[in-house]
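The next part holds the structures, each set out as structure tokens.
The following pair of complexes shares a single chain, subunit A, combined with subunit B in the former and subunit C in the latter.
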Partner chain A sequence: MKTRNGTFYLLMVPVLLWLLMLLVIPHLDMFFRSFRFETDDGLMVFSLNNYLSFFEDKIYWLTFVKTAVYSIGVTFLAFVVTFPVAFYLTKVVAKKYSSFMVLLLLIPIWIGELVTIYGWMILLSDNGVINNFLIRIGLIDTPIVMLYNNFSMTIGLLYMSMLFMIIPMMSALESLDDSLIEAASDLGASKWTIFRQIIIPYTTPGIASGGIIVFMLIIGDYVAPNILGGKSSLWFTEQIYNKFLATFNWNEGAAFGFLLLMLSSTIIWIALKLTGQKLERVGS
Partner chain B sequence: MKKLVIIGAIALSLIANGAMAKDTLRLLTWKGYAPAKLVKAFEAKTGIDVKITYSNNEEMIAKLRATRGGGFDLAQPSQDRISFVQAKFPVYQPIDFSRVNTDQLVKSMVDAVKKNSGVDGKAYAVPFCYGTTGMIVNTKLAPDANDWSDLWNPKYAGKISYRLKRPLLIATAFGMGEDPFALYGDKAAYRALMKRVEKTLIDGKKYVKNYWTSGDTQVAIIKSGDANVISGWDGKGWSLHKINPDIDFIAPKSGALGWIDTFAIPAKSKNLDAAYKWINFMLEPENAAYFTNKEGYGTASAGALDFLNDEIKANFKRSFPQEALDNIKWHPPVPEGFETIEAKVLDRIKAAE
Partner chain C sequence: MIRTLPCSPLYKAGYRVYIALFYIFLILPLITICVLAFNDSNFIALPWNGFSLDWFLADTDDRLGLFKDPDLLLSVWTSLQTGFFVALFSTIIGTIAALLFEEENFRGKGLLYFLALAPLVIPGVVLGISILLSSTYAGTYIEDNFGLDLEFLSPSFWLVVLGQFSFGATYVMLLVGARLKKFDRVLEEAAQSLRATQLEVIWLITIPFLRPAIIGAFVVAFLISFSNFNTTIFLIGSDPTLPVDLYSRIKFSSTPVLNAVSFMIVTFISLSAIISFVINRKKQ
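Coming up: the complex of A and B.
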């Protein structure tokens, strides 16, 4: 076994500092804060009230469930939409073009989420590009309402998260030997069987890691639901934001933050169990 | 090993140097409150480097609370959001009025802000500018919209928008013919009033196109024609009027809501000199007038009137005839705990179908 000298420990320092200062300490602080409650006399006491208030109020529940359901749904949609793209880029198109195309896919990320969302507003608005086009070609008379509802929110979330699904799937697909597909085809397997029995099992780690990233991005997003979501879209992050910034109740905000953390961890754990994946394998 | 230490030491000293090299003023303010031209002029005049962070009332309080009044040398909260914060989390320090050039300010505003930002007999703010929240209306498509109650008027179904925040609750109360400010001393009565406001807004929700969330989305929604009757800020309405004369700011019949934004000094300000210099500089008549001409908001500087553009003067005249001016409801300081009541109401409205 190699001996570990001073340099090894010195190089460990940044890692440990990073973990401790940016992850462990803030979370511990939030954790303790979430159990502190201000009584009517202005005293800070240990209490579960911050968590209880979540269960007492129906709005918090509804928002929580809606956020979870939509996040799962959009993650699945992202998979459906991007899988053909990833497959095309790795297996169909020539290598020299595919890297250029990947570069094109990256462009929305360079611009930033807020700007792309404003772009979608221009497209989807009542007097926007799409409605104007449809009216011009005579397909519709009155504009279709596309902006400020769950539809536009889903589009916004999908658009900003697609790339994070494509990249892990592409790297999984790249290592898939084409001869496997060819062999199956020679042996008379239908396209659907090949897809279900060879491609999907082989790329599951890529799908799972892409899915985790996308799911995390969506469940913790604030901008897209806030701007594109319209008048009834309450996202759980908005509730946390309001606790911290509108009512100055940091303790309840911390409790809600932990509830969101628990929710997303649980969902990911269940998803990994269902697909028979291990976190270590997915994470690499 | 030794090499690493040396590199580390050099890196650290570079960082430290960068931070302390110059006399700086760290300003926490709103977009538009520190116009680039004035910042340059100030830097040239005093040699002080101005570092600006943009924010809003809620974030200002959160930021200063997180650092217990550190990280910034000067902040610009609204006058009604100072005293209850100061009473609970002491994030500001009292203003030394001997260092503020009060001769160049409108005296009534200074006195009002002194009173409203006061805690234990000490004043924590100097007025900077004022404006009103009212309505921005496309007067061609909705010629009769002129009151808060039009925000839930079926006549404008699908073309209404507002920001679902506390000013809207106050506005709705006024639109219902009530006086929420009179109930600031009576928590139970205020809670009951908010319940009625909630009902009005939930019933009217089906007519709303969307809730706007920022100055930019406010402008976008009426400019694009997605809405014709919205709640909005006078400065924004007037700048829209310049682009499209059909759109204008209208002071609602039941009263526009007046706000005053101020200068307040965080408790751990590191450069008091620069803070007071900036306050006095920004309120010099020419500079204050430059700000008002550019942003459209009224100023606390007394002499600025002589330097205002005709267009700006015309805005005030058009939107605020004498009776509208007299009817402005100025925000009194928000009592502690009221925002928790309002937050629940806002949540329920947002979640309602």
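Coming up: the complex of A and C.
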């Protein structure tokens, strides 16, 4: 191995500082904090109490399980909704329109979650656009309650996350040679067979990296569940938020944060194993 | 099913309807907010009471327009400043990281790259609380032992910048790294054979080649910072950023001024997207 010159250290030191100070140490600290517990005498002791309270209180682990199940479900929904769009933009629509249509997909991403979720709040409220429209055309007499429940929360989570899936799927589809589909079609394969045996296997890397990004955005989201979800649709991030900014029980909050991190990492690890992908490829 | 293959008119029409519905779903909340920003009403949703610029310009007892609301303008200013510093730091460190991982080989590179990608798979809430925990701990420790009160270690403007930078650098690294992969190494070798030092090569050859990607990454980092909520909420001090301010207004005191702010954001993002689209098209 050649000897290191100054440039190497000039590149290495800032990167090490970034990763150590802002990622490694804070997460180790969070991990250790999650085992600290203040006794009645005000002493800090090592204890599993923070984790025990998670399992003892039903609301905590029910929210935890619900968050996990919903996150997987909405990720799948995002795939179902956006895959036809990704396919349309790469393989069907005339090339001269596709770049403009892709641009339209980027705009809600850059506008940011808070504004778009707020837009959905107005759309779905009792005085909102959808209820007004339905009453005007005479389909209903009184407003339907669409806001502050699991339905509105799902819409919000879907809207703010799904667009992040289209781009990776499109780049996978772009490299799929049209002649493969033509050949299969010439040999008499049905659309469904082509979809299942050619398109899906070929785009799995794109689906996996898009799916992981979408899943992370959903499971770690606070805005959509909090603004659009009601009392009955609690999200685990809301529990963490309450521990930190409402009850100020930071040690228990650290334990909850660590549990959420474990949950998301485990699910992503399983997803990577199932699809045979590597995390390094998710980034690209 | 693809451009070159014939398919039934019904299938074609059905596909088009689906795509149209998808785009309506995408644009509906944005259009709604933009229209309602000009509603002459004290409530955020319908009914429509006629056109008014009150929520931009009014300064009366029951209506305070966007441009007359010092708190709101201050949070916009805070967000702009935060975005600038986050983009600046992320661009510098992210570019350095991209150079390190593409140009150098060293032991533990895989692990370090994995850590640099970790912010993609750490929920934003967890990043926020872990940085909050460790920085407050470090702050108390330094104050107790050295008598120094370091303000940036407790929730404040600079802690928000640090928190957002911790994942902003990852996105810059990926964007710049993607461009660096297309770099022709012969150019570097040529410069080296002409006795340029490695640092000179990077500064005079590699960085100019990367310039478009670096500028693009700066903009992306700025936008990520400008719209971030999940991490920021745990780190803010007395001056909220725009998303945090909007969030507390949505939760506790929603007036149509929210529509006016959203209108400004939607218009600004859409216009810049369209302008950059037109410029790119002209270049080609």
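Note that in this section the second predicted complex is superposed on the first by the 270 of 284 C-alpha atoms of A that agree within 3 Å, B and C clash if a C-alpha of one lies under 4 Å from a C-alpha of the other, contacts with A are read in each partner's own complex, and residues count from 1 in each chain.
In this text, a residue touches a chain if its C-beta (ideal position, glycine included) is under 8 Å from a C-beta of that chain, and two chains touch if they have at least 3 such contacts.
Small disclaimer: the values here were computed from a predicted structure and weren't measured.
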Side-by-side fit of subunit B and subunit C on subunit A, or clash: clash
Which superposed partner A:51 touches (first subunit B, second subunit C, both, neither): neither
Touching partner for A:59 - first (subunit B), second (subunit C), both, neither: first
Subunit B versus subunit C as contact partner of A:81, first or second or both or neither: second
First (subunit B), second (subunit C), both or neither touched by A:35: neither
Which of subunit B and subunit C A:234 touches, first, second, both or neither: first
Which of subunit B and subunit C A:244 touches, first, second, both or neither: both
Touching partner for A:8 - first (subunit B), second (subunit C), both, neither: second
Touched partner set for A:127, first subunit B, second subunit C, both or neither: both
Partner chain in contact with A:202 - subunit B first, subunit C second, else both or neither: neither
Greater subunit A contact set [subunit C / subunit B]: C
Doubly contacted residues of subunit A, that is, touched by subunit B and again by subunit C: 6-7, 10, 118, 121, 125, 127-128, 226-227, 244-245
Residue ranges of subunit C touching subunit A (in the complex, touch as defined): 1-5, 15, 18-19, 22-23, 25-30, 32-33, 36, 43-47, 92-93, 96-97, 99-100, 103-104, 106, 112-127, 129-135, 137, 162-163, 165-166, 169-170, 174, 178, 197-199, 202, 223, 226-227, 229-230, 233-234, 243, 246-247, 250-251, 258-259, 261-262, 265-266, 269-270, 273-274, 277, 281
Subunit A to subunit C touching residues, read off their complex: 5-8, 10-12, 14-16, 18-19, 22-27, 29-30, 33, 81, 84-85, 88, 91-94, 99-101, 103-108, 110-116, 118-123, 125, 127-129, 132, 159, 163, 178, 181-182, 185, 191, 194, 212-213, 216, 219-223, 226-227, 237, 240-241, 244-245, 250, 253-254, 257, 260-261, 264-265, 268, 279-280, 282-284
Subunit B residues touching subunit A - in the complex, by the definition given at the top: 1, 4, 58-59, 61-62, 65, 164-165, 205, 208-211, 213, 217, 220, 224-226, 339-340, 343-344, 346-348, 350-353
Touch list for subunit A against partner subunit B, complex: 6-7, 10, 57, 59, 62-63, 118, 121, 125-128, 147-148, 226-227, 230-232, 234, 239, 242, 244-249
